[in-house]
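Should a chain be cited, it is by its letter among A, B, C and D, assigned in written order, with residues numbered from 1 in that chain.
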Amino acid sequence: MRNKIIAALLLAALPVGAALAQSPQDQFKAAYEKAEATNKKAGELRNQWTVTANALKAAKAAADAGDFDKALKLAEQAEALAKASIVQTEREKTAWKDAVIR
Amino acid sequence: MNTSHHYSRRRFLVLTALAGAVAAGMDALRAVAAFAADAAGWPADAFKQKSEADAAKTLYGKTFEPSDKVKLDAPEIAENGAVVPISVSSTLPNVTSISIMVKENPYVLAASYKIPEGTNAAVSNRLKMAKTSQVVAVVESGGKLYSASKEVKVTVGGCGG
Amino acid sequence: MASSIRVRATASGETTEVQALIQHPMDSGFVKNSKGELIPPHHIETVQFETGGKVVFTALWGPAVSKDPYVKFSFKGGKKGDDLKISWVDNKGASDSMTAKIQ
Amino acid sequence: MFRKILISVACCAIFANGALAAETINPEQDFKEFRQFFQSKFPQVKLEDFVNGPYSVDEGLRKQWIEKEEFPPYDFALEKGKELMAKPFANGKTIADCFPNKGIGIRQDYPYFDAKEGQVITLELAVNRCLEQNGEKPFSYTGDDMASVTAYMAFTSRGKPFDIKIPNDPRALAAYEHGKQYFYQRRGQLNFSCASCHVQSPGELIRSERLAPALGILNAMPIYRSEWGGMGTISRRFTSCNSQVRGVPLKPQDAEYRDVEYYLSYMANGLPIVGPGSRP
């Protein structure tokens, strides 16, 4: 029982430890690159969202201003938006047919 | 910024007009002086007023009262505040001027028209409206001012972003 | 260069109807450009219509007159072939004029 | 009803997707259904009046439009377009020389499918090709010069019905189908398709603007929009529609946009050219 609790605590602490190993700057950089790559993929699918580019720009501006917490949040937001645009594209490959006038 | 430029230009206009008039005799003096007064006579102060009463006072030196002989034609809902077609006409005698004011615009006076004898008391134009507002038409007839007003709804403003 | 003024003047019976359209930005001074800076006011102040040596109509315009402004009025007299002169002056001192034939 | 049965029969009988797709590319059938849809949605609107967009479905707007048409704000563009078409290039030729009948009264024939190139050629594309082939700088697709030239071409074609041909060529049919697909595909953060606004909600207000029905929506192009305070080409209309739903627009005259124009113009076959138009 006691061992189990300790194990659980250790497990819970793990991700925190991993995050601590990365500086906020690195965290931002990783998130930003991921977001950019995802948005690039959306571009290849010819369906980027303007808000994604806006979020990326805002993230970069926050990072340049040294606010990495904010920058990280915005980069993550940009990635979520880029992902959503890809999901939309995939869905609309067939979903459009339901909207056709008939 | 451009004021000095345009005022000096105006003064130049007036001077040339007067110089020409002196040479051409008294009749011409009156005609040309009138022309010069028109070109220079843009009522800057009237166009800066924030209420209809103040604009009328500045422009005409008097106040107006509503009259069913002034007809104001404006849309219920403007398709776009940037271009609102507005027409004013009147069956009053001896109309000498028609002005159109937009109550909610930053400056109420939008346009004013001089109606000499022989010109009909009717004018149509297109105005900008910042938001939903009362539009007031003021007509000068026989030295007195009469008005009509109507609310025009603006859902897309004419002042842009 | 094409004129900044387009006019249609039509005589029918006793009256001549005049419609004019003038190409002008009519910047109100309240609108910002893409950089967020206010575009300074730039608008026509006076427009004058003359025929037969007589001024038949004068417009005094503020910044609330629409871009590429339009005005319509009518006067008694005027016949086909008569000259109608239109001239405008704006708040920067620019001006233009043209003479049209009444149709 | 009959058609649905046909499709389900096709589904059951043939499993291959290709067969189903081939079954659905039927421009004539689409044309009938498209028209029927708008006529039953707006029974009070005369067929040839759909080309007047929001003014066909809103009385208050219509009155303001008639007032504007007394001296329409696109008047200057017509004059400029006429001048540009006749203005000699460095080599002495003109834009007019590049077009059948000197570019007069031809708007209704664009876009067309070019069998040699295997792609859709729009009027705007043809104008810029003309400039480039003669060693001139092309116009901006979304700018005033392009709007002026196409405005004059449309003006001289007023009253002529759209006459868009879809040859029996699988590439032409594919272009048509791509255009239709783009028209119905939702995009942008707002998750709107062209159809969301112009099929599902025409006549309704979006951001206080009265939406135009898709039927005949290109007949009035190019347009002077009060909101723009100036002229806009079809390219400008398509790209700005995409941005409005928060999607990054494609490049003007991208093949997909040309396909959309092909699809929409075909849907408007028989309806008169009324361009240039003025819009709120």
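Here is the rule we go by: a residue touches a chain if its C-beta (ideal position, glycine included) is under 8 Å from a C-beta of that chain, and two chains touch if they have at least 3 such contacts.
Nothing here was measured: the structure is a model prediction, and the numbers come from that model.
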When each step joins two chains that touch, the fewest steps from subunit B to subunit C total 1
Taking contacts as defined above, which has more of them, C-D or B-D?
-> B-D
Subunit A to subunit D: how many Å between their CA centres?
-> 38
For subunit B and subunit D, let me know how many angstrom lie between their CA-based centres, rounded off.
-> 42
Between subunit A and subunit B, the Cα-mean centres are separated in Å by 58
So which bits of subunit B are touching at least two other chains?
-> 82-84, 124, 126
Sites on subunit D at which at least two other chains make contact | 73, 229
In subunit A, residues with contacts to at least two other chains = none
Full enumeration of touching chain pairs = A-D, B-C, B-D, C-D
The answer for subunit B against subunit C in the complex is residues 1-2, 5-6, 9, 31, 34-35, 38-39, 41-43, 47, 82-84, 87, 102, 105-107, 109-116, 118-120, 122-130, 158-161
Using the touch definition up top, name the residues of subunit A that touch subunit D in the complex.
-> 43, 46-51, 53, 81, 84-85, 88-89, 92, 95-97, 99-102
Within their complex, state which residues of subunit C touch subunit B.
-> 15, 26, 28, 30-32, 40, 45-46, 48, 53-67, 69-77, 89, 91-93
Note which residues of subunit D are touching subunit B in the complex, please.
-> 54, 60-61, 63-65, 67-68, 73, 205, 207-210, 226-227, 229, 280
Touching subunit C in the complex, subunit D uses residues 70-71, 73, 75-76, 79-80, 83, 229
